[in-house]
Structures are given as structure tokens and as C-alpha cells.
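Each of the next two complexes has chain A plus one more chain, namely chain B in the first and chain C in the second.
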Partner chain A sequence: MSTVLANQERLRIFGLLSPAYLWLTVAIFLPLSAMLYFSFLSEVPFGDAEWSHTTENYEAFFQTSTYAILLWKSIRLGLIVTLVSVLVGFPCAYVLAKVIKGRSREALFLLVILPFWSNSLVRIFSWAIVLRGNGVLEIGLNAVLPFEVDVNLMFSTPAIVIGLVHSYLPYIILTSYLALQAIDDNLIDAARSMSANKLTILWRIILPLSLPGLLAGAVLIFVPVVGSFMEPRILGGRVGTYFGTVIEDQFVAVYNWPLGAALSFILLAVVLLILAVASPVLRRAQT
Partner chain B sequence: MNKPIILAATLAISATGTAVLADEIRVLNWQGYGTDLGWAVDAFSKSTGHTVIHEYFNSEQEMLTKLRTNPGAYDVVLINAAFTPQAQGEGLIGPVDAASIANLADVPENLKGNEDLNAGGALHGVPWTWGLTSFAVNTNEVDELPTSIEVFWDTAHEGKVSIRDDALEAVQFAAIATGQDINNITDLDAIEAKLSDLMPQIKTYWGSENDWNQFMAAGDLDVATFWSGSASRSMAAGLPVQFIVPQEGAIGWLDGLSIPSSSTKKEAAHQFINWMIDPEFYVKWAAEGAPASANAKAAAALPDDAFNKRVLGDPEVVARVQFQRPVSDENREKYLELWQSLKAAQ
Partner chain C sequence: MAEVSVQNITKSFGSLKALNDVTMDFPDGGFFALLGPSGSGKTTLLRTIAGFIFADSGSIRIGDEFVENTPVEKRDIGMMFQNYALFPNMTVADNIGFGLRVRKVGATEEKRRIGEALELVQLGQHGDRKPHQLSGGQRQRVALARAIVTNPRVLLLDEPLSALDKALRVDMQFELKRIQREIGITTVFVTHDQEEALTLSDKIGILRDGKMIQAGPPREVYNNPVDLFTAAFLGEANILSDISGDGADIRTPANLPAGGTLAVRPENITISTSKPGEDAISTCQAVLERRVFAGAMATCILRNNGTDIKVISRDQDIPPNIAEGDQLWLSWPVEKTLSISGS
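Take a look at the complex of A and B:
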């Protein structure tokens, strides 16, 4: 009797989950495995081109120091952008969750999400107009400040960081906001009644309790930034060559899909490795 | 069949005496590169009855891939002479029947006889246009027009220089600066050193003509590599730039129109190519900004102040040009590696 029930239960669960699994298969597993297959080919197998199976594309990564240098540069960019996003986004989320109440919170929320509704390319080009020498930022500052300033951030690493932080900031604000809102205000009141100062409350209560949200947001930012290519290319100019732009070149300019695919999987592996190494810390934060 | 088509078909028969049916030909080219001009296609349809449909590519590799994967889909394809031997070798394009292209008689022998266009011992690409990859200066920022390519390394222009983000172009540009043959580079180390010196001068790389125009208009650049056809367009549009062919020389390229071996409408394709090298078409196109025509009669028909006559019509300038030959995959990879490592070091 119980086995019949268990079987029925299993069938029901399977039935309910199958759309999700079907979606994962079609949207993620199939394209990824096609790319994985490409990464082991010598040529793109279109038309009469001769091709064979090879591991050369992966070996290419180790043959020159170029790719390793760029990968490290991309990881560093990911860390910087994540750090800046946390420093800016967490206070924003705190203010939204604990300080502001009522309708003005909704309005501010809208402002946080608003950039998400515009195309990312449009956003980046807008930054290009703002940051360029003799651009909107410089003219604006000179109109307000009593002394002349020369702001030409365009085609530099700070420009890339600004563009990326602006693109990904909503992630960390939203995830931190959810975590911060779940903190019972009574806990803070209790700490205050035991004469804890603001810093202690932040450090001992708010931060530990909101850490899962904060870390989720950080991961959501770090992973795409490491592979980003559009922002560095447009805002970075000469210094805008990263691992992502090299992968893009393989697909768009050089037409070497197998190498591009192999580099993508190396990036994926390295990112997974970083997350695996960080997972004990992440797990401790969850509990 | 509706009336206009019948009318057009009858006109076509009476005009050429050979066309029997109105065909729809498919042309594969870069977007906005001459063959897809609305008025030109209309004029062709009117005189022959054939309609023209365009498809585009963004790189030579993509063009070759499209030819390989879609046999029979294209009737005319633009191929840079440096790639014609490869396309011919793979059997993607067939020989052109010179007799059915009347305007070919006005194309000079040195272009018609170009070694690469005659891959496999027969004409496989009709010389259409040629041009230079050299550089242009912003005349608002540079008082005296430079005569040497060394202007790129002049520290007075530090942070105001740009070259295109393309490995082959960068390496060949440095080959000219180091006095080497662009088709037979012997001292790659010298090129690496020269490009490495250039890097701190560069503000950004440019990718497209549009990029280039924006950077120049914003005053971001003093001097940047550029294509002659694009330069004529930018100057015609009123940008304060001047195209320079330095004493060290410049990179030359030649574009041909070919007919895929799998085309089923070869007759119409020949007619279209004939129209593309017609002086009447070229003079009108040149007014909007075009590269130099391979047809001597067309080039001569230009007004004297036209960019292509003034700059590229000068035999002394043409003598300094090194025309691009096919590049082996091995060299291509070497150049790409060199360029990537230089960019990664920034």
C-alpha cells in the first residue's frame, strides 16, 4: 500500500517537475553541449570544411601567457566591480529596507529598477557621452565648481568599472533588500536596549543576518562581469582588452568558433572553481 | 504575372536580345557597399527585368562559410582579391565569361590580369574597385600635413592616435613603417617592437567607419588609420580630415565580383557585374563616396576635383602602394597571436 502511494507521489512530482526539466534541457543543456562539442573540433563543421576531434583548442590556452594574463585581468575586474557594487549597493538596500517607509520607498525602488528597463548598449553609450573629455560630466562640473576641472575618464579602467557597476548594481540592492527586510526590527531594538552602539548592531546583527542576500548578489555580479566584453570594448579603448573580448573576437572577427568555445569553457571552469573554493564560506553564511 | 513584370520582361528582351525570363539574383556583399544602392538596383531592374536581392557578411570568413553552406543561394559575390584563390581552390566560384561583360574591355590589363583574380588560370573575379588602407589626420588638430607614417609615433600626438582592431591590418601597417614587404614579412620582431612602441600613443581602437567618424568629430583623435573609400565619404560629409599616403607607402586592396559555381542564373549575374563596372553607375556612386573604380573609363569620367581622381589618380601615389596578396593560415595565426599579446599587455 505504502509503495503504491510512494510511486504515485513520485509520478506526481515527476509530472510537476518535467516542464522545468524540459526547459533546462532545451534552453541550457543542449546549447551548452553543442558548444562543448565545438570546443573539441579543429574546424567549424560547416559545408565541406574538413574537421577532426582535437584538444588543441584547450592546449592553446596554455601555449602563450596571453590568455592567462587576460583571465587574471578579468577576474580582478570582477572583484573590483563586485566590491564597489557591495559598498554602494548595501547602504542603498539598508536605507530602502529600514529607514524609508511607505510610498517614497516604492518611488525609490522604481528608480533602482529603472535602468534595468533600458537596453544595456544604450546605457553604455550614454556613459560614453558623459565620461568623454569635454563631455556632459566635465561641462556640468565646470559650470558648478569655482575652479576648472579636466575630467576625461573615457577609455580607461575607471570608465569600465563605472559602466559595469551601474549595469549590475540593481542585483545587489534587490538581494540585500530582501535579506534586510526579513530582519526583525525587535532584534535591533533589543540590542539597542542593551546599549549596543550602531556599529556593533551593524557588525553583530545586521550584517550576519543579511549575509546570504549580500553574497547571492555578489555572486550574481561577479560571474557575468568576469565574462563581460561589451562594456570594456566601448568604454575601455586601448586598455579594454579582457578575456571576454578575446572570446568575442574568436566568434565575431576571427571566426574560430572552436577556440572561442574552448576559452568559454575554461572561463566557466575557473569561475566554478572560484565558487567551489568560496563555497565553505558561502555555506557558513547561509546558516 | 502582372502587367509591369511582363512589360519589364519584354523590355529586357528588346534591350539585350538574349534575356528570356526575368530572374531574381542574389548578391552577397558587405552592407552599404555599392551593389545595394537603391537607384542602381532600380536602374538594373528597369533595363534587364531582373530583380536583385541582397545578403550581407561581416567578415571574409563569414562570406566563405556562407558560400560553403548554401550552394545555389547566391549569384554574385564580392570577394577581396586576397581571398579569390582560396574561394577558387575550394570550388566555390566559377570562371567568368569575359565575352558577356562588355565593360570589361575598359578595365586595364594590369587589373584584369591580376594574379589572384586569375586563380586557377582563368578570370574568377571581375576587378570592381580598389582602394588604400592608409591614414587620415584631423586638420583642426594638425597644422602641417604629415608626409611620413612616423607621425603615429610622434609623442606630440600621445593619446590621440587610433588604429583598427585587426591583427592583419596592424601587422601590415607596421610592416610599412619598418620598410618591409607586406606580403613577405621577414622580420616579425621588428614589427612587434614597432607596434609595442605605438601602443602608449593609442587612445582606442576603431572598429567601423561610423566609430571612426564619431571619434574624429568629437576631437578624440589627431591621426588614425583609415580606408580611402571611407575617407572620401567622411570628407564629403564635412569632417575636417585629410587622407594621407605617406612616403613609406600604403596598403592596397582590390575587390572583385565573382559568380559562385553553384549559381543557376549566370546570365543575369554577368549582366549585373557588367552594370557594376559601368562608368554611368560609377560616376553617380563616386559622388556619394566610393572607392576607386577598376574601370579606367569610369575613373576618367570623374570630375577633376573628385577624391578618387585627385588622390588615387596620381601615378606617383599608386607607385607607392603595396597590394595585398593572400595570407596563409599559418601567418594569419602568427599575426593574430602577436596582436593579441600586445593588446593583452595594456
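Take a look at the complex of A and C:
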């Protein structure tokens, strides 16, 4: 009798899990395996192309320092964007979670998620209009300031960082908000009753307790930013060559899919390695 | 250690008057209860004494210092919260040491005082545990140790025992009292449990709708409630106004104020099958409606002319062989009659 029940239970669990896993298998695992296979070929096996198995695509990464330099540049971009997002997003999440109550919180929350609702390409081009010379930002500043300023951030690293932070800021706000909201207000009152000032409370109670959310948000930002190509290309112009844009070039410009695939997997490996190295530190920080 | 004095405190939240001209003294070293139903303002009063809330008017004195404009961080109080509010990311020792670290007492001093506090609450071996590894009673002790380790001038407790189950609660009542006596700290606690208030405190302040209805030692408040609300809130009271019928002889205590109401507590009534012969007692007849046996004690509900009368007595003191529907005699000493002024 109990085994029948257990079997039914197992069936139910299977029924609930399988749609998601089937989808993930079809939508991610299969294309990804195909890409992994491509990365070990000399040519894309479409049409009449001659192709053979090779590890050249991976060797290419090590033959010149260009790729490694670009990868480092991308990782640095990821760190900067993550850091700026944390510095901008965490205080915002704190105010939303702990200071503002009631209806105005919902309205402010809506504003936070707004970037998600607009098309990313439209968003980036809007930034281009704002940041370029004689653009919205420059005209606006000159209208307010008593002296003339030249603001042309277009095609620079700051432009890329601004665009990326705009795109990914909601992640850190949402994850931090959830973590901060779970902190019992009585903990803060208790610390205050023991004469702790605001900085002590932030440092010893709020930060440690919201760290899981903060880190989750940071990872959610860091990983896609390292591989980003749209913002660097449109807002960075000539300085916007990153590891992500090189991969994109292989697929859409040079049509060297195997090299593009190989570079993608190197990026994936490096990101996983970074997270693996960081995870013991992160885990210790959480306990 | 210090005496606390609250004078004419008023506090409004919007149109709601949470505290309305509240005055109460808390002499040095005493144990005081703020008692009232939910929404009575008792927690607001505690948080005003703590300094989380600033009163609109009135004064608060701790020792020789008027603190009504001092924020909680500078009031030098110890507070224990209803759900204990232990920091989940810190060990028991770090929780207790938090206030000491803030005060920068130094590592060795900090360690010594954490050890002392742990000994005081009998948790000597648990300093390295995290709060989630402790039982409810142990957490409560940690919260208490944390609140007193800095030697605050006042200890404030917000419903300190309400999260514990009943058996543990009684243990912790004695424990709390023992520790409070041992360190002699002026202690104010909020509760909605009248029994807890009567058991623990040297003085009870009863609040309703933001007003201090009555303040005094437990026995005084219990035996001389100022109004029906207080009489009914501190235990139970049978109102005697409508008692009538054959043999009803309600005697009025000599000290009854004009226009007052008579009442008697359930435990002061004796049930008998025939009219009692003693002098200086009040009597009436009533029909037994229900008799509820609860071990050593029993509760009887009787009805006199449409009024329910509750009697609580030792089961063995109730005449044997009485049944529901029987006509019985109730009696109580005149001096046990409560005389309540006002409504």
C-alpha cells in the first residue's frame, strides 16, 4: 500500500518537474551541446563545407594575448558594473524595504522594474541620444549651469557602464529588497536599545543579514555583463571592443562559428571558475 | 539602577490618542507591570520610556535626568523584545557582547562580563551556539542576558513570556524575578496576562484606551478596583446589582462610595444546600446551571433571576450530590464584597 502511495507521489513530482526540465533540455542543453560540438570543428558543417575535428579554436585563444586581454577587460567591466549597481541599488532597496511603507512603495517599485518593460535596444539608443555631444545631457546641464560645459560621454567606457548599470540595476534592487524585507525590525530596535549607531547597525546587522540577497544580485549582474556585447558596441563604439563583442563578431560578421563557440565556452569556464573560487568566501560571509 | 517617573505623557498617532495624560512612578529596584488589553497603549508607553517614541507632551525622568528628548541610543536602557530579537548571524556570546562592543569596554572586560551574564541566566555552556540552535526558553534567557549585561539604568520587557508555553512560562516567571532581585534593576514589563502581572510585580499600572485607569500594588488593585473594567480585567467579578429573589440579602460594606456598584469575585462565594446561618454575610439563591470539574478546582455557573453568577472553589468544598437544576444558596463575607465607584 505504502509503495503504491510512494509511486503516486513520485509520479506527481515527476509531472510537476518534467515540463521545466524538458524545456531546459530542449532550449538550452541541446543548442549548447551543438555549440560545444561546433567548437571542436574546423568549419561549420553546413552545405558542402569541408570540416574536421580540431582543437585549433581553443588553441587560438592562447596563441595571441589579444583574447586574454579582452577577457580581462570584460571581467573588469563586469566588476565595475556590479560594484556601481551595488552602490546605487542597495541603498535604494534599503529605503524601499525599511523606510517607505504603504502605497508609495508600490509606485516606487514600479519605477524600479520599468527598465524591464522597455526593449533593450530602444533603451540603449535612448542613452545614445542622451550621452552624445550636444545631446540631452549636455543641453540639460548647460541650461542649468551658469557656465558652458562640454559633455560628450558617447563612445567611452563610462557610457558603457551607464548603459549596463541601467539595464541590470533592477536585479540587485529586487534581490536586496527581498533580503532586507526579511530582516525583523525588532533587530534594529534591539541594536538601538544597546546604543548602537546607524553605521554599526548597518555593518553588523543589516549587511550580514542581507548579504545572501546582495550576492545573488551581484552574480546575476556580473555573469551577463562579462559576456555583454550590445551596450559596448552601441555606446562604446571604437573603445567598445570586449570579449562579448568579439564572440558576436564571429557569429554575425566573420561567420567563424567554431571560434565563436570556443570563445563562448572559455568565457563560461572562466566565469564558473571565478564563482567557484569565490563561493567558499561567499558562503562563509553568509553564516 | 534608577527610579523612573512618567508625568502627564500624551502621544497621538494621527487622530488616535495612544497615550492620554499618563502618569506613573516606578521606584528604584521595583518590578512593575503595565497591563491592559491590546490597543490600550501599554506598549506605546513602554516604547516611550525606552525612547523609540517621543511623547507629544509630558516628562520622563530616569534617575535625576529628564530624558523625554533623548533618543533611545543615549538613554542607557536595556530592552527585551517579544520575539527576543536575537541577532541570527551572531553567536550567543556575540549577541550578549553587542552592547559591550558598542561601548568599547575592551576585549577582556567584554569576555568577563559575557561570562558573568551567561552564568546569571544559567547558560554557561552555550556561548558558542547560534540562536536557532536554542530552545525558546534558552533564547529568552539570552535576550535577558543581553538586555542587562551593560548594567542599564532600567530594564524594559515587552511581553517577555508570551512566546513560551504555559509550563515554561511559570518557570521563567520565577527565573525572571530571581534575576531581577539579584541585580536589583528597576524593571518595567508589558503584559496582557493579568495573572502574570499579579504574580510578578510590585506595582501594576492598568491602561485602557491610552489612559492610566489605576496604578498600585497587585493586592490593592485586585481587592479595590476603581471601576468595573479593572475589576473584570483583573480576574473575574460577579456584578450584584440585579441579584434578587427570596432570601437575597446583599449587604453593603461600610466604605461603599455613593452611587457605586457591588461585585464579588468567584473565589469568594461559598455554595451550600441550605441557608447559611452566620452573620456578616451576604446571601442569595440561585439555580445550578453548569458545573465544570478541573482537578483541584471546580467552576460552577449559577443563575439568579436572569443573572449568571460564577463560583470558583475547591472541588471538595462544593456540596456532594448536587445536580444541574438544583436550587442552591450562595454566600460571601461582607468584607469580600467589592465596592466599585463609577460605572
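One rule holds in what follows: the second predicted complex is superposed on the first by the 271 of 287 C-alpha atoms of A that agree within 3 Å, B and C clash if a C-alpha of one lies under 4 Å from a C-alpha of the other, contacts with A are read in each partner's own complex, and residues count from 1 in each chain.
Going forward, contacts are C-beta pairs under 8 Å (C-beta built on N, C-alpha and C of every residue); 3 or more make two chains touch, one makes a residue touch a chain.
Note that the coordinates shown come from a computational prediction; the quantities given were computed from them, not determined experimentally.
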Is the arrangement of chain B and chain C around the shared chain A a clash or a fit after superposition? fit
Looking at A:D184 after the superposition, I want to know if it touches chain B, chain C, both of them or none. Which is it: first, second, both, neither? second
One more residue to check, A:N119. First (chain B), second (chain C), both or neither? neither
With chain A's C-alpha centre as vertex, what's the angle to chain B and chain C, nearest 10 degrees? 160
Give one of first, second, both or neither to describe whether A:M194 is in contact with chain B, with chain C, with both, or with none. second
Just chain B (first), just chain C (second), both, or neither: which does A:V239 touch? first
Which partner reaches more residues of chain A (counting touched residues only), chain B or chain C: B
Applying the document's definition of touch, where does A:L209 land relative to chain B and chain C: first, second, both, or neither? second
Give, as a whole number of angstrom, the minimum Cα separation of chain B and chain C in the superposed three-chain arrangement. 46
Give the list of chain A residues in touch with chain C in this complex. 184, 186-187, 189-197, 200, 204-205, 208-209, 287
Once bound in the complex, which stretches of chain C touch chain A? 50, 52, 72-74, 76-79, 81-83, 85, 87-90, 98-99, 102-103, 146-147, 150, 156
Can you list the chain B residues touching chain A in their complex? 58-59, 61-62, 65, 67-69, 90, 165-166, 199, 202-205, 218-220, 336-337, 340-341, 343-346
Complex contacts: residues of chain A adjacent to chain B: 44, 46-49, 64-66, 69-70, 73, 132-134, 154-155, 236-241, 246, 249, 252-255
